[in-house]
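For reference, chains read A, B, C, D and E in written order, and residue numbers begin at 1 within each chain.
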Amino acid sequence: MEFINSHLLSLITFIPVIGSLFVLAFPRDKANLIRWSALVITIIPLLLALVLYAGFDRSTAGFSHTAGIQFIEKYTWIRDFNMNFFMGVDGLSMPMVLLCALICPICILASWNVERGVKGYFFLFLLLETGMMGAFVALDFFLFFIFWEVMLLPMYFLIGIWGGPRREYAAIKFFIYTLVGSVIILLVIIYFYLASAPHTFDMTELAKNNALFGNRMICWFALFIGFAIKVPIFPFHTWLPDAHVEAPTAISVILAGILLKMGTYGILRINYTMLPDMTAKMATFMAVLGVINIIYGALCAMFQKDLKKLVAYSSISHMGYVILGIASFTDEGLNGGIFQMFNHGVVTAMLFLLVGVIYDRAHHREIDGFGGIAPIVPNYSFLAFLAFFAALGLPGLNSFISEALVLLGAFQKYRILTAVAATGAIITAAYCLWTLQRIFLGKLNENYALLPDITMTEAVTLIPLGVIVVTLGIYPHPVLDLMKPTVSFLNNLIIHMKL
Amino acid sequence: MNNLASLNYFTAEIFLSGFIILLLVMSFLRMDRDNGIGFYYLAGVFGIAVTLILDLAGWGESGDGAILFYGMARNDHLAHLFKFLCVLSSLILMVFSMVSRETNKRFDNPAEYVLLILSSTLGMILMASSSNLLMLYISLELLSLTSYILTGFADREEKTSEAAVKYLLYGGIASGVMLYGFSLLYGVTGTLDYTAMREVLWEHKVSGMVLSISTIMILAGMGFKIAAFPFHAWCPDVYEGAPTPFTAFLSVGSKAAGFVIIVRFFFQIFGAGDGGNFEILGDILDWPMAIAVLSACTMTYGNMAALQQRNIKRLLAYSSIAQAGYVLMAVASRSQPGISSAFFYLCVYFIMNFGAFLAVIIINNELNSEMIEDYEGLVWKSRKGAFLASMLAICLFSLTGVPPFAGFIGKLYLLLSVLAKGSSLYWLAVIAVINTVISFYYYSRILRLMFLSRRLRGADLSKLEKSDYLPYSVMAGLAFLTILLGIYWEPLDGLSRLAATFIK
Amino acid sequence: MGIIAIQSYLIISLFLFLMGIFTTISRKNIIGIFMGIELILNSSALNFAAFSRFSAHNLEGQLFSIFIIVIAAAEAAIALALMLSIYRRFGDIDADKLDSLKG
Amino acid sequence: MSMKTFIEQYGFMILLSPLLGSAITGLAGRRIQKKYGARPIGLIACGSVLVSFIIALAAFAAVAGAREGEKTIICIVFNWLSVGDLRADVSFLFDPLSSVMILIVTGIGFLIHAYSTEYMKGDSGYYRYFSYLNLFIFSMLLLVLGENLLLMFIGWEGVGLCSYLLISFWFSEKANAIAGNKAFIVNRVGDFGFILGILALYSLLKDKIFGGGLVVPVAPSLLSFRFLAENVHLINNIDIFGVSAATVICLCLFVGATGKSAQIPLYVWLPDAMAGPTPVSALIHAATMVTAGIYMIGRLNFLFSMSGTSLNVIATIGAATALFAATVGCVQNDIKKVLAYSTVSQLGYMFLGMGVTAYSSGIFHLVTHAFFKACLFLCAGSIILGMHHEQDIRWMGGLKRYMPKTFLTFMIATLAISGVPPFSGFFSKDEILWQAWKTGHQGLWLVGFMTTGMTSFYMTRLVMVTFYGENRLHLRPSTDDRHDHDDHHRDGVKESPSSVTMPLVILAFFSGVAGFIGVPAALGGGNHFEHFLMPVFGHHAVAHHDPMEYVLMFASVAASLGGIGAGVFLYRIRPELPDIIVSKIKMVHRIVYNKYFVDEIYAFLFVSGTMLMTRVFASFDRYVIDLFVDLTAHVLRFKSYISGAIDRVIVDGLVNGVAESFLFSGSQLRKIQTGRIQAYVMVLLFLVVLGVSLVVILKGEV
Amino acid sequence: MNVEMKEIVFFGVAAMTMVPCFFVAFSRNILHSAFALFFTFLGASGLYFFLDADFLALVQLIIYIGGVLVLLLFAILLTKNIDNIRSTNAVAAKRAAAAGVVTAAMFGVILYAFLASGWPFRHSGAGQYPAVTTKALGKLLLTTYLLPFEAISILLLAVLIGSLVIANRSVK
């Protein structure tokens, strides 16, 4: 128990990869064994994440070994490079760890019907979870980068092997885009390392001594572009619709639910702490991009005929709120932005799962190809309505709080921009309702008169998310309280730069 | 140090020379009658292994920087480290030769094959330590000439002899050009010894023009050895035509030997000072810039040209050109960390490239094809296919430079050296990372066919047999090392730091 | 400075060098190409000898020339062997026909 | 426990009860309905609203019984949001205004629930209907009781959601589903303004309060109404873009109100919303939800009072809407459409009232309107039920005979809406008109005056066409599937059962007498209603007896009677005349009949505009974004086209573009590798020469 | 030999070295090329004599002419019917033109560099050029340059065996 407590983050991070080796050792024809063990392996981090959650101190703020960061694990890794195996969580990463731990078992369940190469699939999936968890908890820049990239490889195969008809294209596009982003980041990492004295990869140290860095504008942009590709921020977003559409359901969920957050997480973790002055300078620029994302994503979503693509574009739109929020440098905006990261993770996961459910049954995702199926599949419809209404920011559901916070925060800084961003809510409502109408309402398309409603497994994946959507909408403190001190800290960092 | 005293340091070389002659005698006596090929291969492995051990035994005193054989050779960490690398690559060549269908059954002259491999090993280890133009030339030619022969050795297809002739002609011309450069250098400095040359150059600041011309010409010869653009043209053709084990060797061992002479040549003659305060003959001869340009061209060319290759060996040839470009980047950084990172990268490259080639060899054994199309759906064929495809994928990802594989750490070292304070080669780093991305295109094509495609092409795979154990375990070992070094590389880091200590 | 100065040797060797290169490029016959290589090697050897005499005032250059000649001979031996091998296979030693490896 | 503490501690029960009802009927309703039939669902739904109603009564009593100056009861449930300087509690505000509103909401809500149990009988979505309806009650109560703007906004959107769900309740008709969408989206447009208003208010206030570096230990709930009422004067002198901040905020909020309360320009959804079940129209689209805008203005009256400009805008828009909708109402044939336009028109009245700072008059009209309009709608529902889902008045007629109770209640409500004394409408409408005149808006009074006449005209028309004359059901152009049942239908026109008529009667009763709570002083009344609301709206200047008031009163009564007379004359005495008039002014009629083509114009401007934009953006996404990268590929391809070497298919996208150009370079580079050894040498040589030349050029002087 | 005589002879030897190069490069008969090469080698040998490198001149004569050239002739004879030679010793015209331009350019550039530099560099005259080179060379080879000397023996051995294998097999 002592060991578990002191190594919580390592355990959360590495249990999946250790488990993946077990999975690899199973005979390939024992598909169910593999599935169940994968499920168990992903549930362990979830439980540990809850332990983490329970033990998380909600009052400490800062970004150093003594303040703000908790559950620190630090071991020397490569002495000569001053690289450390340095993990810890603060208010910024904690919600993400929770989200990741939550989404992963759900995705395992959603992958239950994978038939081809089961072993490889779950092996890669578990690897992916390690990469994601690691990226969120790593506080050594180099370690962070390693995990960041470790996410890529399984993703490439998961999209490429188990994806849709254009999976090869989507996989390579995804990989190339993110690879471009990450090599740019890598250059900056190296630059920071060399510019710091003594040379270090320790994020807290880098943040503390950031005055040593030269070429700040270039570095900031390099980092920003690197992360923006992941978010994705216009105009680096074109990989996303392809990747989402082609990826298998569970992977779309992971992509939209967790991977996109990596980008904004990176911006907050790196750009904000290490180049606060530049961040302050570029705030308006970020806000403009955020607003473009919101509007552009929403308009593109409205045009889509493919349900999954629509959801993909809606992700672009929703991530725009995150950018706008964190660019506002107000407590409301930042909290809203980060909360939106969490909320979007939950909501979009739900949406993709729903798309997956219907795709499994109808084998197509054309929005116009359905119609009036609400009475045929009432439970499914209920969940779909819930998810779509959450997506359009209906008050009482979680997204509303984050979006409202973002707008409240952003309006204090950017009046016109925020007003423009608020029109996004109209467009979002329009496409969400239009989609619901075309799929669920209207005259029943007779082809789907015998459409089965959701199964037990699917319900198990969807209902927890639905509960979270509603609960956090009414009582957001469980997540909001985690991040507040950290957000204030980050915000002060930037605000003081401005003065 | 005189010749006799120097022999103490050269036990490995002496043993190797003796062993070569022993092998010759054995082949005359036809001692292979009953045992066939295996005997000589085992003998070769034994010989190389003993050389390696002797080399290791000499490690203790390798740091003394002794000048051996009246200045012909230097005894330093750089020499030793590269000797290990080269001898190990010969060892791997022997193993690969035993494994590959191309080389393990068809020779009438296994003894000669092994003998030539040993000779080229000798050439490489002499290259690693030589610090005299003449010594350099002889050792270089020892490697080159034996390589020409080895390329054409497995004379089974037309390709093979074509490759050998091309290699010979191109190599002849390139070394001719280099010789001309040597002669000019000799003319300028009046000596063949590196140390003396440096003294002359640094004291007298001789004519930059002739020096520069000679350097360019010398670069042609050395660039030929490492297959740097524009001296690379032989590389794809020879790689494709040569027996695959030897191709692997060429791309790793021979290249490493090429790099050690470049490092020693440029740093010992044109550089002075210790690591922190390293200077170059910048005002007379801006060789770092020349190498930087060469590096940029090489990696870009290699990656671009690899994009549309259909033959895996050819593709790997271009990829190895690009990799040479990356390493040159470190040389261009003209710093001690640069040398360390070059060595580090070569070690990593050693593992991942040999890994890739071993996979190619095994797959070639199974499918009897080197065409990438035939790799289609490999992973779905059987457990063997899945294993091979995964291993190859690990190596290819590592070659791309993606964490957590060793190739990434190697690239990190290179970038670190290029971006170090005081260096003005930021643009080179940018080109390098762009190239990393480009390179993924063609690596991913192989991955795509092996993993993503749902069609099965090419021949079926055989059942796992006892004879497969060796290659598969070596394969797994290489892949494991690729991952291990991507996660923990401190020991190798220590070694590579030693590589740069020869600059005093 | 008379005609027997280092410049003369340099010009001669440069000429030989470039003629050698020219020959290697323009010839179709592999033997022709090889002759070009021999010219190149010869030019270098000449250079070494000239520098040895005029510039360096030591014998190292000459020694180098001797080694060059020896290695040229060795290379010629390999060339002969390979050319025979090529001739057996292709019935010809036209370098232009050796283009199955390309791209 | 006193009433007040009860409300303070358990006031939230009023919301919880319908929420629970909704949850039960929504989540378990299908199973219940399958197992036990519809009855338990109806009981749960009605019961939950009844509980609310009882608590509302208690709350009313508590508020009414409180001492002067303590008429505000707050029920704090939990802290909802506390981020930075933002603090918002889930807490409920019981004051005279909201207690009146909750009485209306729960009271009429309960009646309509009861009515619906009959009306919706046999519908497969019975449980769903009641779930939505309960949810609506909950949301509406949240809107009304929410103690801060954010909470109000939740209710605001919540009622929008319910409205959406109920409009598209019979969603297998595509039109219904689309009507729902329209309602929601148009409301979203309004909400856009609403939220902007909130944002502006919040940011300005925050700036004022915290801007001075003031550190407050516990952040005040900036958006709570109490706080606003006390501190809103702080933003008095701020300008945004040259306009006073208060005006900007008020106008933004008013945009929200026009959306929810169906005013120009966002009224378009309300007539379409009649696609929902009729009780829904009665409850949501007549009595309660659509009055949210008025309620919001009333709630924030202290803010609106700060901006004369915005009040003028509100009054003008209100008056314009009133007149405009009345004209449209005169020519509609769908009974519910007529009522819908009538609602729009009456809401316009209320805004007119609010706009002339006659807040309590506006609210008064809201109350009376809730009764008579709900009554009218329920009557319409009864008629529709009786007519077997026929809504077109052209095929009705003579229903007086068949449905006497409906007729009677309808008549009372009609008189009320027409403003015939002493029915309730008279008092409230007159109050508004008088206030308009008194505050110097004579022009607006004239509009209101005209509208009064038109209101009584179209209502009379409705009555005449529907209840008098011969039944014309058989004249209906029959479609094949209906033909067989025609006779059956005609015979089947009969009075609705008592669960339908009971609410009618109750509502008609209130339509008749509700006016007496606010009899103006001029008529000897005490105007209790205004008095009751005074803690919220403040004291008006003591009304002097002004002879003008009587003149105006008389005028408006005359107008309504004139309207009635015209209606009777045209549709009862000379029924052929309307057609003749129509043929005379065909053009005008067409325009008015088609609602001035506003829908079409909107469709063209906004819907097509948006769709065009989505198309443009989507194509942009697919083709243009990567222009610069593509360009390189194009240039390369162009080059290759020139040399005739390669003819490639043009592919789009960043990766493709780059990949193409790289691959192209790759294929070009492959050409260098000809396989000819001498070519290789040539390359080598050429570059060596290049290098050497470069050296010589650079170092030529040495 | 007086100075002028010596210069004339030097000029002749230089011409003998350079002129045949054209035949090597352009002759349509491969045998003629080979013979021209003979003269070039011979001329080079003469130039070595002028450089007081007598041993080197002899080595040139023995190894180059006696070894390399004979090997080349062998190659010609073994790979060609004499009749065929004319047609296959062609010069690739386009390539030759390009090569000509490039080599000419190179000639100009390097020549300029040579002439512009101050040859011979005074500093490099460290050693003493011996009168009799053979003995000195022998001493050098067995002392300072012993290692290359030994290495080249291995090289020759390896090359010998290697070429033997290749040549042998192809004849088989």
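Everything that follows uses one rule, which is that a residue touches a chain if its C-beta (ideal position, glycine included) is under 8 Å from a C-beta of that chain, and two chains touch if they have at least 3 such contacts.
Worth saying up front: this structure is predicted, and the values here are computed from it rather than measured.
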Topological distance between chain C and chain E, in contact steps: 1
Chain closest to the middle [Cα centroid of all protein chains]: A
Per Cα centroids, the chain farthest from chain A: E
Distance-maximising chain from chain B - centres being C-alpha averages: D
Best-connected chain pair, where connection means C-beta pairs in contact: C-E
Whole-Å separation of chain centres (CA-atom averages), chain A against chain E: 71
Averaged-CA centre spacing for the pair chain D and chain C, given as whole angstrom: 94
Inter-chain centre distance, chain D versus chain E - centres from mean C-alpha coordinates, in Å: 100
Distance between the centres, which are taken as Cα means, of chain D and chain B, whole angstrom: 76
Shared interface positions of chain E, touching two or more other chains: 92, 95, 98-99, 103, 106, 110, 113-114, 116-117, 119-121, 124-127, 145, 148, 152, 155, 159, 162-164, 166, 169-170
Residues within chain B bordering two or more other chains: 134, 138, 141, 145, 149, 152, 155, 164-166, 169, 173, 177, 187-191, 207, 209, 213, 236-237, 308-309, 441
Shared-contact residues (touching 2 or more other chains) in chain D: 659, 670, 673, 675, 677-679, 681-682, 685-686, 688, 692, 695-696, 700, 702
Pairs of chains, among all present, that meet the touch criterion: A-B, A-D, B-C, B-D, B-E, C-D, C-E, D-E
Chain B residues within the chain A interface of the complex: 379-380, 383, 386, 397, 402-404, 408, 412, 415-416, 419-421, 429-430, 433-434, 436-437, 440-441, 444, 447-448, 451-453, 487-490, 493-494, 497
Complex interface listing, chain B residues touching chain E: 3, 6, 17, 20-21, 24, 68-73, 108-109, 112, 115-116, 119-120, 122-123, 126, 132, 134-135, 138-139, 141-142, 145-146, 149-150, 152-153, 155, 164, 187-191, 200, 203-204, 206-207, 209-210, 213
In the complex, chain D residues that touch chain E: 678-679, 682, 685-686, 688-689, 692-693, 695-696, 700, 702
Contact footprint of chain B on chain C as seen in their complex: 6, 13, 17, 20-21, 24, 30, 33-34, 36-37, 40-41, 43-44, 47-48, 50-52, 55-58, 60-61, 63-64, 67-68, 71, 74-75, 78-79, 81-83, 85-86, 89-90, 95, 98, 100-103
Chain C partner contacts - residues on chain D that touch it in the complex: 670, 673-678, 681-682, 685
